[in-house]
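Residue numbering begins at 1 within each chain, and the chains themselves are lettered A, B and C in the order written.
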Amino acid sequence: MNIFQILIEWGPYLLGGAAITLGLVASALAIGFIFGLPLALGQVYGSAPIRAIIAAYVWFFRGLPILVLLFLFYFGIFPVIGIDLPAFFVGALVLGMRGAAYQSQIFRGAIQSIPQGQMTAALSLGMTPWMAIKSIILPQSLRLSLPGWSNEYPEILTDSAVCYAIGVVELLTRTSQVVSQTYMTMPVYMAAAVMFILLNYAGMWLIQRVEQKIAIPGFGIKAV
Amino acid sequence: MDPTLFLTQILVPALWQGLIVTVELVALTAPFGLLLGIGIALGRQYGGKGLSSACAGYIIFFKGCPLILLLFMLYFGLPSIGITLPAFTAAVLGFILCNAAYNSEYIRGAILSIKDGQITAAQALGMTRWQTIESIVLPQAIRRAVPGLSNEFIYLIKYSSLAYMITVIELSGEAKIVATKYFMYSEAFLAVGIVYLALVTLTTYAVHLLEKKTAIPGMSQ
Amino acid sequence: MASEYILRVENLHKKFGEREVLHGISFNVRKGDTKVFIGPSGTGKSTLLRCINQLTVPDSGQVWLDDDEITGCGQKISTFRQRIGMVFQNFNLFDHLTALQNVEIAPIKVLKMKPAEAGKKAMEELCRVGMQDWADHYPAELSGGQAQRVSIARALAMDPEVILFDEPTSALDPELTREVLEVMKELARGGMTMLVVTHEMGFARSVATEVIFMEGGEIVEQGPPGEILANPKHMRTREFIGKISDQ
């Protein structure tokens, strides 16, 4: 068998793995966003104890290797507290919780880079603080956060492969399966690498499209 | 098993062993990762068409390919084309290749941020292209790249854990072995997590001191 | 009983840390008044304006709008801020919104006006400041004078009873200053109640109903512009006016 035959035979299986990887990454990004934004708001506007708790969360999740986090939650914490989830969900959750720590710092930087005067002006018009955050501060800071996402996406994408270690059947796991079935080691690994790289480019292209779509003249040039 | 005994007799000695391996991995990778990163950045920026695109391709591949897949290639893949590397060597090689790709991007960004006037002034003094790069561009660029480079160094500490996936028993490997053997998953992984946190926090602090020491008045951003 | 004053400020004190920057400021404002505040920088003029709409909370003293006390009103403060417009030295236009959106956002969000109605209102206010042709431009695309006129329209769209101007032309060159002052003069003629911190003596002379000279967190002297600007009683006022007329 040559590599072309193998790719024809196993290509769809690998592509399926790429789709699972994409699902894993998308879930992780979504979880990271849903938790990261409140964390950022808490860190900017919260009381001292809230800020301290969030800072500790961020410190913990950013300080541990993804492999250790996956092991810790999959073998340790989740079973202990009685959460019994399939590996895929554990992977998405752990990548997502860690993503929340990173994303919260992206959002925080963006929020803090908005000049004080924007909030002052909003309040002077009679907006409540929450109204001002929602309709003035967040629309601006989310725009400024997008460039930060161009670091976040590739990182989560490449880290998603580490979920192999807890048995998530994603692209790398399927790649290893194909390798052990076909003994075509290097070519199959290379094919997987190309798929990861293409996924990377596709995501970056999408982020850039969104950035162009929501761009505002003269705004965000000083991006964070 | 008695918790104190488990901690003092089993866990701490195991993690100590692992720590030594982790430090070795990082210490062997970092200098070469930096040198190769500088080389790639210079090649990308100042090389001819061929070299420049080769460097661009290098960056695309090694930034886009998950590190764990790269390690699999080096350790499980290379033997199929007749190259067999010991696991430790494969790990260090993989880390260097990957680390250099990221470092080169920071250095290139810093090179691009150097004002044209600096280069014009050097050329006006009669410096050659290489002299200009070596004595004006690089010293400024590397200083400016320090925040990014130190960030990569911290990533390297954390990603060195992936060596375990190709059988190098470093910190997380030791933790995994102890955890499985004594069925103490949370304890072992929390403990190793604390070690990583300590490493990362100490490094962040050290880098901060270094940045302060090497700062040139008025040149910070 | 309805007070004869639309705005009353009584004995305001404000400290930042150890430093007291307002030492008991009191004055009253009638409907349609234009009060001009002058004085060296660092004197507490901005702090005073910000204490009026509680962007800075004073340590003691009261502010009344009509018969309602603003100070110590708690959550209700945003309802007072709806009735008091503010215009800033550096405009503070919302950078992610067009000129028109800047003007209509508060009516929509705060007053819950229907977007179509708010849009119409916003367009009227933009016309009033001569910015109707720039409605779809973003703040970064406007000159300083244009941006300031939009920010005046933004304040006007809330139909405020009083507008506070904190050095509205200090960031502008003379040409652009003139176009903003024209708009403000027009407002004053139309009967708007205005508190204006400015160093534009021409504006004070022609528009102010009263000029208040502040220094060191106190009102040193106040009176009609003819009196204060032409022959101030206090030494300090004389010195200050001498200095800024030299420029």
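Brief remarks on what is shown
Methods note: a residue touches a chain if its C-beta (ideal position, glycine included) is under 8 Å from a C-beta of that chain, and two chains touch if they have at least 3 such contacts.
Note that this is a predicted model, so its numbers are computed, not measured.
Arrangement of the chains shown, judged by which pairs touch: a linear chain-to-chain path with two open ends. Ranked by how close its C-alpha mean sits to the mean of all protein C-alpha atoms, the top chain is A. When C-beta pairs in contact are tallied for every pair of chains, the largest tally goes to A-B. Farthest chain from subunit C (centres taken as the mean of C-alpha atoms): B. A separation of 21 Å divides the Cα centre of subunit A from that of subunit B. Spacing of subunit A relative to subunit C, judged by their CA centroids, is 46 angstrom.
Separating the centre of subunit B from that of subunit C, both taken as means of CA atoms, is a distance of 56 Å. By the touch criterion given at the top, residues 60-61, 63-70, 72-73, 76-81, 158-162, 164-165, 172, 175-176, 179, 185-190, 192-193, 196-197, 200-201 of subunit B touch subunit A in their complex. Every residue of subunit A that touches subunit C in the complex is listed here, in rising order: 115, 117-118, 120-128, 131, 135-136, 139-140, 143, 216-219.
Those residues of subunit A whose C-beta lies close enough to touch subunit B in the complex are 59-60, 62-69, 71-72, 75-77, 79-80, 154, 157-162, 164-165, 172, 175-176, 179, 183, 185-186, 189-190, 192-193, 196-197, 200-201.
Those residues of subunit C lying in contact with subunit A across their complex are 53, 55, 78-86, 88, 90, 92-96, 105-106, 109-110, 137-141, 151, 154-155, 158.
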